C-alpha cells in the first residue's frame, strides 16, 4: 500500500483527492492536513464523511515525508515553493496541485505569480500532463500537476500544434468553468445569488493559466506560442469546456485532422474523441478522469474549432494527480480512477 | 461472476444500475435492453459511455432468464407484473425497481395503480428495504425494490413506529425531491425553464408512494397507519429530503429517541445518524447508498421532527437494488456500492 | 411626490426597494444609505444601475427625517429599535422591514431576538400585513413590515383560523425558501457550490419567524396558537412556498373551505386563489406582489393542506413595504407594485 | 392607445411581449393567439396571469389587421412569410420576431432556412436593430426584429467594424445563452436533468444567426464580412453573453477604442458601456432592455476582446420589438420598456 499524505485536504481539490484515495485499492490515507480546520474531524468539514473517522492534522511536512510515500500539495500558489526542498524530496515524492512548479520559466512565473522560493528544485519538476509527458514522469521525485483549464486546453490543441496544422498566431481559447474552479473560499462572486443564473467572463486577457498553456504548447511547437485565453464562470458546480479556434495552415479535411488526433490519442484511455458532428458536453465527463474532444472545420473561414471537456476537480485536479501517482509507483494508470461519469449528477 | 440483465436500461434508474454494475467486482452486465433505443449503442443514449461498447438489446426476458443470474426490471408500473411468471422465476432471480410487487394488498395496488397480472407471484415477493427486511430477502426469488420516497420515509420513521413512541394518527411527511425522480420522459413540467428556479408541491394527498409507506409502517406498528405524504419538486438533479412530523406519545427526551434509532440502526453501515443539532442535507449523500437521519424534539408542541436524506437514484433505486442483489447472492452487502458521496457534484 | 429614504439600501431587500421606488409614479428616492458602501456609487454595488447616478450615503436618520416623507429601514434586527424614537416619528413615517417592531409581546421578542430599545414606541407600531390590517395601518406613523415566511404562512392560514375550521393544536408549516432570503452576507452556507444542488432544513423548531406567525394567528383565533414551523433552503434565488397542515374541526367540503377563503380574500387584488386541483408554484408569483393560495382536503386523514407562494423579496419584503407606503399616503394600494410575475426569470 | 395583436403569444418570446404590452401606458392587447392553446384562458398556459382574463384566440390575421394598429409575429421561421402580404400591410403594421424578413439576401435566407413566400414584401422590411437603424425604421410598415444572438453580437462589434479598426477576416464570436433561447418546445436537450449542471456548444459553425450577423456587419463595413459564430447553452433561464475577438488593424489604445464606442453609443440610453477593467455579466441586464458592452485590448496578441450582454427575451426579442413599436408610432423609445434590471432574479 502506498501511504499518502494530503496537505490542504479541505479545499475542493483536496477533498476530491481524499475521496479518490479513500477508495484506491493500492493506496491509503496516512495523514491529511488543513490549516483552517486542524484538530477537527474531517466529517465536520465535509459531512459526506460521516462514516469515516478521518482527522484534520496540523501540517508537519517533515514528519509526513518520513511517513508517507507520496505527499499531495493542494495549496495556494507561492506556498508550495516554500515547503519543498531537497530534504523532503530525499524522503518522499511530491505531487503539487498548485502552480508553483508548473512554469519552468522563472521570470514568467514571477511575472504572473509571486517570488519563487525553490528555484533549485524547479528544473527537476515535471509537468504532469500524463498523456503528453508519461515517460518523463516515471522516476521523478516531484510532479507539477497541471491546472484545470490548461489540461483541457493543451490536450485539445496538442496534436494540431505538434503536427503544425494550425497558424500558431491565431489561437484563441474561450473557456467555460463551473464554480468549483474558484474554490471554497468566501467571496461575493461565489455567493449563490450572485453566481446563479448568470454568466460572465473574468480575468480577461490576464488569467494565470495563459502562460502555462503557452509554455507547454511552445514545447510542442518548437517555437513560442502566444495566444488568447478567456475564462468564463458558469452557474454549475463542475466541468470545464474549452472552445478553441485557430486558422488552418492548409485546406485540411475532417479526416486529416482526425488522423492527427488519433496519432497521439488512439491508445489513450482517458481521451475520448467524439464522433464527427458530435461535440463534448461537460455532463458526459463529470465525476471521471476522461477528456472528451471533438472538432469541426469551418470551410467558410478555414478555421478549425476544437472543443474539449473535462471535470475540473477530477481530470483537472485530483484525478490527474492520482494518475500521476499511479505512474510514479508503477501501477496501472487507471487504478482507482476508472470511473464511469456520473449522470445526472 | 453474477451475470446481470437489465430491462429498461436507458431510464435514469436503469442507467444508474448500468453504472454501478459496470464497476461491481462480482457482477457483470450480460444483457441490457431498451424499448426506445433497441439496436443502438448505449453510448449514443448516454455519451458518458463513450469508452464502453454496450449495446441496447431488444427485450427477450425468456432468453435473459436462461442467461442471467439476476434480472433487474426498471419499467413503468403495470409492465413488470405482465413479464414475471413462475417459469421466469424458476430460472433466474428478479429485482423489480417498479411498483408492481411492492404492495402486498392487491386491492390497494389496484386502487392506486392498475390491474395486477401476477397475483400468484405477489405473495412470494419481498419488500426489499434491506435494513428492515434483510433476513427475509435472503433466498427469495423476487424482490420488490422500494420507491425512493418510501425508502427515505420509512427508514426515517421506523424506530419510532416500531417502539410506539409516536401517535400514529399524527404522522405527516413533507418530502422534497430532485428532478431525476420524475424520469427522463419529456413533459412541460420537466422542461428546464419550467422547473428551474421554482418549487412546487405535486400530487398533493394523492401520490402513489403513500400506500407503500403506510403498508410498511403498518407492519412495523402492528396496526393500520394512515398518514399524509406531500412530495415537492426541487430545482436540482438528485436527492430526497423527507421532513417528518409526529406527536410524541410521552415526554421523551432527545436521548430516548436516540436510543430507539440506535437500537435498530447502530450496526447499519448505510444509515448514518447525524449529531444532535445537525440535520441531513441531500448533498452529503449524493452518489452514495447512505441514508442520513437526524431529528429534534419541539418541546413547545411535543412533536418530534425527523429528517431523512438519500440519493433517489442510488439508495432510492439502483444502489439499493444492488444491495438486494448482494444479499441474494451472499455477498458482503457493501460490495460495489460503498461510495463516498460525491461533493460538490 | 413622496420623498423616500432607504436605510440599508444595499442588501437584497433594500435593493429591491430601490428598484421599485425608482419606477414608482408617486415617489422618488431622496436618500439611500449603506453602512458597507457609504460614499460609493450605487452602480458599483449593483451594476444593474449603470444608467442611474444613485450614491450610497452615510446614514443620518435625523437629517433624513427632515427631508423624507417616509423612511424604509432594511437593517439587521436590534438596530432599528435603537434608531427610531419620538423625535423621528414626529417628522417622518417609518416602515421597518426588520423584526424589531413586529412582535408586540416584548418578552417574546427578547427571548427570540435581543434587547429591545424602543419599548415606548412599540405599542404604536402596526403589523403591516396589508390584507389583514389595512384599516389599522392608515394614519400610523410606524409600520412593522412582516417577514417573508410569516406573510406567506399567515395569509395561507388566516381564514381557517379566523373561522375556527381547524384544530389550532395541529398546525404544521413546512416552508421552502430561495437563497435571497438569507441575504447578501457571506457565509459558507451561501457559497454557490455548497447551496447548489442540495436541499436542507435549517433552524428546525427554532426559527424566529415562528413566534411572529403565532402572535398574528393568535390575534385571529382569539386564543393562543402554538405551531411547528420548519424552513428549508432551496437552490434558487427567489420564492417561498409554505405547505401548511392542520386537522379539520369538522367534515368540511372543499367548497366550505373555499367559502372561507373567499370571504376574506375575494376582493384582495394581491391574493389569488388557485383553481381546485391546482396548487401554487413560486415561479408564478416571482417578481410580483401576488400571494397564490391553494388547498385540498385529505379525507383519509381529515386534514386540510394549504399551500401558499410568494416572492420573498417582493410581497415578502420590498413590495409589501411599498404597499404599506401606498396605504399610509392614501394612494391606490397597487400603485407602483402591480407587476405581472416575470417568467421565466 | 395602440391596439396590439400578438400571434404566437404562448411561446417564451410571445409571453414576454404579453407581459410588456400589458403594462405599456400607450398600448393595449387587442388579440392574442396561440395555435396550441386556442380557446384556452391565457392563465391556464401561464398561471402568472391568474389575475388577468386574457383568452388565446384562433389566429385570423385578416381580422386582426382590421382591428389592430400593429401585429407582432412570434412564429417559427417560414410561417411569417406565408402570412404577410400587401393587403395585411395596407391595414396594419407588422413587427416580426422571427427570421423571415431579417435577411435581405434571399439566396442566403433560402440556403440557411427554407423557401421564402413573400419575396415581394422582403425589400420593404427594415432590420429593426433600433440603435443602428432608428431613422430607417420610422414610417415603415414591416420591421424584422433581430435575433437575440445577433442583437448582442452586432451591437458589440458595430463601432469597430464601422470605423475599420479591426481586421474583418479575424472576427470570432463565442456566445453563451440561457435556455429560454431554445423556446418552450419539448426536447431531450431541454429536459431539466439534461441541461442542468452542464455546458455545451451547439450548431458549431452552422447556426442560422451567423448569416444575419454577417449581413448587418457587411453593411457597416461596406464589404463582405465572414466570421465564426459559436453558440453555447448555459444552465440558466435568461441572458446572452457574446465574447468577441478580432485583430486590431493598428496599435490602438483603450481610449481609441472607447472613442469609437462613444461616437456611436454615447446617446443611446439602452447601451451601457462598462468602465475600464469591468465587463458585462448577464445578471446586470436581466429583465431589461439594456445591452452592456465592455472590452479590453490584449497587447500580447494585438487583439481586442469585446464582451456584450443582453436579456435574450427582452432586448433580444420582446423588449426590442416594443422599442420598434415605439419608434413606429412616434412614442418616446423608452416607453413601457424602461425597467431597471431585476437582480437577483
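Every chain is named by a letter (A, B, C and D) in the order it is written, and numbering of its residues begins at 1.
Please note the rule applied: contacts are C-beta pairs under 8 Å (C-beta built on N, C-alpha and C of every residue); 3 or more make two chains touch, one makes a residue touch a chain.
Bear in mind the structure is a predicted one, so any value in this text is a computation, not a measurement.
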item	value
Selected pair, greater C-beta contact count between A-C and B-C	B-C
Proportion of interface numbers common to chain B and chain D (over half same, under half different)	same
Approximate Å spacing (C-alpha centroids) for the pair chain A, chain B	36
Intercentroid distance (Cα basis), chain C paired with chain A, Å	46
Inter-centroid spacing, chain C versus chain B (mean Cα positions, whole Å)	39
Of all residues in chain C, the ones touching two or more other chains	12, 180, 193-194, 196-197, 235-238, 281, 283, 286, 344-345
Touching residues on chain C, where the partner in the complex is chain A	12, 179-180, 184, 186-188, 190-197, 235-237
Contact set on chain A toward chain B in their complex	12, 15, 19, 22-23, 46-52, 180, 197, 237-238, 269, 272, 274, 278, 281, 283-288, 290, 292, 313, 338-345
Touch list for chain C against partner chain B, complex	169-170, 172, 174, 176, 178, 193-194, 196-202, 204-205, 226-228, 230, 232, 234-239, 241, 243, 245, 279-283, 286, 296-298, 300-301, 303, 305, 307, 344-345
